[in-house]
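Both complexes below contain subunit A, partnered by subunit B and then by subunit C.
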Partner chain A sequence: MNRRIVLALALATTALVSLPAIAQKSGGTLVQITQPEPPNLAPYISTSAPIGQVTAKVFDGLLEYGFDLKPKPSLAESFEVAPDGKAVTFKLRKDVKFHDGKPFTSEDVQFTIMEVLKKNHPRGIATFRDVTAVETPDAHTAIFRLAIPAPYILKALSSYESPMLPKHVYGQGDIKTHANANTPIGSGPFKFGEWRRGEFVRLDKNPSYWRAGLPYLDRIVVRFIADASTRTAVLEKGEAHVAGLGAVPYNDAKKLALRPNIEVSTKGTEMISPIVELLFNTKQAPFDNPKVRQAISYAVDRKFAIENVWFGFGKPAMGIISSNFQPSGLFAPGIDFTVADRIERANKLLDEAGFPRKADGTRFEFTHDITPYGEEWQRFGETVQQNLAQIGVKATLRYEDLPKWLKRTYTDYDFAITSNFLFNLADPVLGVHRGVHSDRIRPGTVFVNGSRWSSPETDALMDKAAVETNDATRGKLYAEFVQRVSEASPVAYVLEVQFPTVINKQFKNVIDTPLGIYGNFATVHRE
Partner chain B sequence: MKSGSLGSYIARRLLQTIPVILGVVVVNFLLLQLAPGDLATVLAGEAGGAPKEYIDQLRARFGHDQPVYVQLFNYIKNLLVLDLGYSFRQSAPVLELLLKRLGPTLLLMGSTLVVSLGLGVLMGLLAALWVRTWKDHVISVAAVIVYATPLFWVGLMLVLVFSIWLDWFPTSGMENVVAFHEGWNRVVDIAHHLVLPTVTLSLFYLALYARLMRASMLEQRGLDYVTTARAKGQTDRKITTRHVFRNALLPVVTMAGVQTGGLLGGSVVVEAIFAWPGLGQLAYQSLFARDYNLLLGIFFMSAVLVVIVNLIVDVIYVFLDPRIRIG
Partner chain C sequence: MKKFWSRFLGNPRVYLGLIWLGLLLLVAISANVLAPTDPFAIVGKPMAPPGGEFWLGTDSLGRNVLAGLIHGSRATILIAVLATLFAVAFGTFIGAVAGYYGGLIDNVLMRFTEFFQTIPSFLFAIVLIAILSPSALNLVVAIATVSWPPIARVVRGEVLTVKSREFVQAAVVAGQGDAAILLKQVLPNTLSPLIVTGSLLIATAILVESALSFLGLGAPNLMSWGFMIGAGRSFMREAWWLVTVPGIAILLTVLAINLVGEGLNDALNPRLADL
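Our next item is the complex of A and B:
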């Protein structure tokens, strides 16, 4: 063989071998669309959905999570739970610096958990309720002391849920009106650059990020575009590269998926687990009768709603706990409301409950409130209306704006049935218990137990599951809990939404955590 | 007319606007109290649920736990020293938020005013000169069609044709956020982004002004002073440019002044479609969030804008028609 050919082959082989390295070369600007514009960039006092899509790239959490929801190291290299479950010791990385150059220490953990999240974070107040102290024996060890075991805390330490703040910055002045609320300083892969209201937030690469060689991108620009059709056009044209969590209408996501330069992913909601439901007012006839509630649950055509309202981006909900908890063993199905003879069953239940059909074929009528989250909710309301007409129940639809609807549902309880959208979040204790526990019947507090149904048995099951550290035992408790809730059906669990994320194919590795677009994008790279 | 009298006239008019604007503020404040739900529930709602302690804590921070008249009194007291309050939702002072949005709004409004008035007057003038010919009919019919077409549809169609199909203009935004141009390149970039929103917003007003101008021209041409001028031996061209045109402009200018308020409203739609960072979008967002401090600030700013534009219109009258005296 000619020497020159050998050389050429050798070169070609080298080129092939080094290809992955070339593919992940640094550089490039990723344009993300977030809808609506975040009100501020203070994820420690507000969990408004768009905020985290920006700030999860600026802050780090103590832990990260795999798609199986198992914790992975981040700012904490390792953690250890005490045998009695009442202490968790975190070993922190020693090479982490905040964007202003100051080092990250256990003091920052103590401050963030005890002074900020436990006092001000809308969900943190509940999550860290049982944390009595965070001890700092040295600069790189933080020990959470707990009044009772609270294993779910280990699921709530992502950069999205519990961002670690620099104490020397956020410890100065009032945390609620902090000067850095719109100019965040964290330790994450991207530094805050600029926020031009109504236009964009610019995030620049953090050159001294503690994960060597990361991030790959030079810059992330998060754009805000109020009109849905324009958002679709911008993605189609390639002026923006990533959009998720409802930023693109479901039917447009389906259309965009057909374009050669675009990919649509339904991964990345495993730690959010949104469920579409119908909430009954169980204190008011006729929905104070579990048979009527079950009948309604049977009558709703889940498959039709998924195909025609959510354009296939969902699957039927099997009960109060999302099937996303299957890998962690906490999922169990309740009564199957999707059986073939569901309409006959619904009719029979209503007859038994004492609501026979009248001469005009109807049994009773009520006003059905609609979640004011956009057009698909109106379509869903119309679907429910037609489904219920089949069993002789007449629904009149009512659509109001968000503040009015929240007040009606969670303060005045002035509704019969309303559609609703609740997230299971990272653990049933965080997202599920609030919907049916008796201690979460709180007028004026939104997205808690709005049906006002509860039972001593289910309360006890939840209380046990909350402090149980063994997943298998928790799974058994939850299986019984799910069954009992579906028998009472204070809520009809309709479908699990799988939010489509629209991604331009020149960017790789965009969705690599169960938090999806709430991930930090450190490993996203351009081809 | 002496310049001194014009100055004192403007000063007097500005003084008169203070009670007007205060009235607007008070009425808006009271109207907003009627809307059910408040910022605290919205913030808690966005959080996907929050304990009651959190909501109570928010209300106390916003001062919503005080009686309405105390809140109103405090608001007006602060307003007098131009302290528009703090937007708790946006975590920033209201005045700062407003001033950041004022620039893009004025840019869009200004370019729209120039385009729609300029072209509208020209179209109306031509239609009147060519009255009852096919050219007049083309202009009039086109004006009616444009006038009747919804803004959002025009906007989306322009994006589809000129941005996606032809790739002449960017779909949205105020500048290129990947390149981040500087200096003159930035000016050119912003102008490039400005074209489609301006055209969209202008079309409606252009049609309005064209129709008004045409009618006004035709009316003026039938008046006695035209006959007199003709009897004096003035040429047709001179009659049209010197007399008829100037007089015909008066109702159009009046209408342009009145429409400024509407322009602010119309820009909500256009700003949404083209992601233009103006006041309209801010107003829309803050209404749905019950961010009253911010919303009141926007109302205040809009009232001031409308008053100023109308003052300018009154001054323009004097130049158009020397018979109109100020004061």
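Our next item is the complex of A and C:
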């Protein structure tokens, strides 16, 4: 009996398509609002947020994912992981054609992974680091060879994260300045139609899409509207139908949810899992003391921030790993910083740490840097400032532009506490490890370990979890990891943002993947 | 001089302006008495409408709008007056030197002034704040930097006319040095247009400060009227008072300064006023 892990997904494809027994009505134009306008349509070299909202509909990935983050078939009908974890064999569909009529083959997979994503994609460089080769024994089989087991790769093969490119198009010329960077050609449910700068991108139905009968929509128009209140008004009037990921201010989303024609969904961020945090400079007094860091974490009123700054679109973070990993068994809570007596605990910790209240009631002062991502971050900074005043800690706020803030936080380490916004992404290896691993303390690299805290124990736990293929075992490793991190609290994990997606109720099935608005919209239909 | 005061105070619009400005000054000076708590303190339920426990309501985080207005008057006035003083000092210096010496110096200084004048002043202020990073001091610097060129122009023009008068020539003959002539003979005679331009500049400075704060480029630890409007603009539809209250305060203050400035102008240039 060999112990090969076989995940046959073959027949699931047809099951997926035929799930709704009644035929859906075809036709209609869906207007999506994306903010800001994407700089280009080249998701293989840039992870800029608006790009994927357009291109995930044009390209396909090898796999798609359910809300439990388990893989579903897409361009790959099935895959099989070798017993030692060092090879993954993908069986590809035979009936897939790119928008220019040429067939999709294993050559395209090899080209996309090895030549494009591994070399150019900001996250792909890390994700596919251990892929040594992609072998193509025949036109419809692709074998990933790995230096060490890298199970997280199987979470990073969606049309958003790793779009499959036609080699005969993107293989010509320099990929970084490719002629098709603004006129993408993929195999997805929608073909690129037109991009009128400053106004819209039009995507047309791909009539020869490999999923029979799909897509239902004739057209997707992605509009770019610079003014926030105009975006809200357009959605309110039904002139646009879908908007998410910051296109609608949180308080407007809350208001729009009350209208009869509009639904506001908080699903669709399960593979993004953004966490609002306070990053401590652990190499500098007073935040070199874990007791002080814990005290700050206790003092932050998470519920107030969620209600009044994020207008209800969030929930308290329970540790370094997002609760979105609960279905896959990788989530575990750390210390509960939301307990009722949190202020007393914070005061006690600060007394113990040697920061008694002075005559004027304060203990110490520091400068709190604000993430320069806009208004809600300023309000969050002001909220934290008031929270900390309660425990006698005086914060002075500083607000700089993005390049300065990034340099201060990740190059010069010239900060005491800064707010921060880090995404857990599809797997802890991709989004979580970078925040606390010792090998990610890299001056000049942004969104890595800026607190500069690490410990041999947590490093070892992460290294083990990265190559472990069994989810239950990984879950146990992560449970211990989360506990250790929350005891050291190099970062105060404040809240998990649940981005609202505003959807006109005429359209159904808009958010049907954990990537939300980064989904391909093949099954969206109008009633 | 007596004539000036009677002209100035005989104007009813000046009275209105002075009353508002006096009131404002009083509020700004006694801010800590009128509203003893930190204006950033979260004191109540967010978005409480005016007329309840808090006379002017609370904002999106539950901060008292009235306390913000009171402390905001202090920040707004302080920044505007300081920026204007710096602009007037620098502008006067450049203008006086250019006008008095003429020739190459005049040419160089005026081209330098034009360089600043050709950049749209508000965009320039935004760029300066982006480079310097927002703080109270940097706001003063940015506003002063974009405001001095008109002052320099006005002073230069006045100095050019005054310079050719007999009493200046007499001072030259008497052997007075350049600095003494400029300070004692020329500049005192350029004061009236300078006072008028300077007073109106305060109004512009308030507007620039408010606009910068509105864009989120204000000093993050300073409660100002512009900050209040900027923080409240997203809630215009459900909490009208967040923008309306500080908006009216800015409107009235700028109006008052303009009334007083025009009154000064009428009183100092009686011939113009009679036209």
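Quick notes on this one:
We adopt the following convention: the second predicted complex is superposed on the first by the 504 of 527 C-alpha atoms of A that agree within 3 Å, B and C clash if a C-alpha of one lies under 4 Å from a C-alpha of the other, contacts with A are read in each partner's own complex, and residues count from 1 in each chain.
In this text, contacts are C-beta pairs under 8 Å (C-beta built on N, C-alpha and C of every residue); 3 or more make two chains touch, one makes a residue touch a chain.
Worth saying up front: this structure is predicted, and the values here are computed from it rather than measured.
For subunit A, the partner that touches more of its residues is B, with subunit B and subunit C as the two candidates. Touch criterion met: A:Gln378 reaches subunit C, while subunit B stays clear of it. After overlaying the two complexes on the shared chain, residue contacts for A:Lys72 are found with neither subunit B nor subunit C. Contact with neither subunit B nor subunit C is seen for A:Lys25 once the two complexes are overlaid on the shared chain. Judged by the touch definition given at the top, the superposed model places A:Asn308 against subunit C, while subunit B stays out of reach. Residue contacts after overlaying the shared chain place A:Gln386 against subunit C, while subunit B stays out of touching range. In the superposed model, A:Lys255 makes contact with subunit C only, not with subunit B. After overlaying the two complexes on the shared chain, residue contacts for A:Ala226 are found with subunit B alone; subunit C is out of touch.
Contacts of A:Lys358 after superposition on the shared chain: neither subunit B nor subunit C is touched. By the document's definition of touching, both partners, subunit B and subunit C, reach A:Lys404.
When the two complexes are laid over each other on chain A, subunit A has residues 229, 401, 404 in contact with both subunit B and subunit C.
Taken together, the subunit B residues at the contact with subunit A in this complex read 35-38, 41-55, 61, 86, 88-92, 97, 100-101, 104, 152, 156, 159-160, 163-164, 167, 170-175, 177-178, 271-278, 281-282, 284-285, 288-290. Interface residues of subunit A facing subunit B in the complex, by the touch rule stated above, are 29, 31, 36-37, 39-40, 42, 46-49, 120, 122-123, 125-126, 176-178, 181-182, 196-200, 202, 221, 223-227, 229-230, 233-234, 236-237, 239, 401-407, 410-411, 422-423, 425, 434, 442, 444-448. Residue ranges on subunit C touching subunit A, taken from their complex, read 38, 40-42, 46, 60-62, 130, 133-134, 216, 220-221, 231, 234-238. For subunit A in complex with subunit C, the touching residues are 228-229, 249, 251-252, 255, 304, 308-309, 370, 374-375, 378-379, 381-383, 385-386, 389, 396-401, 404.
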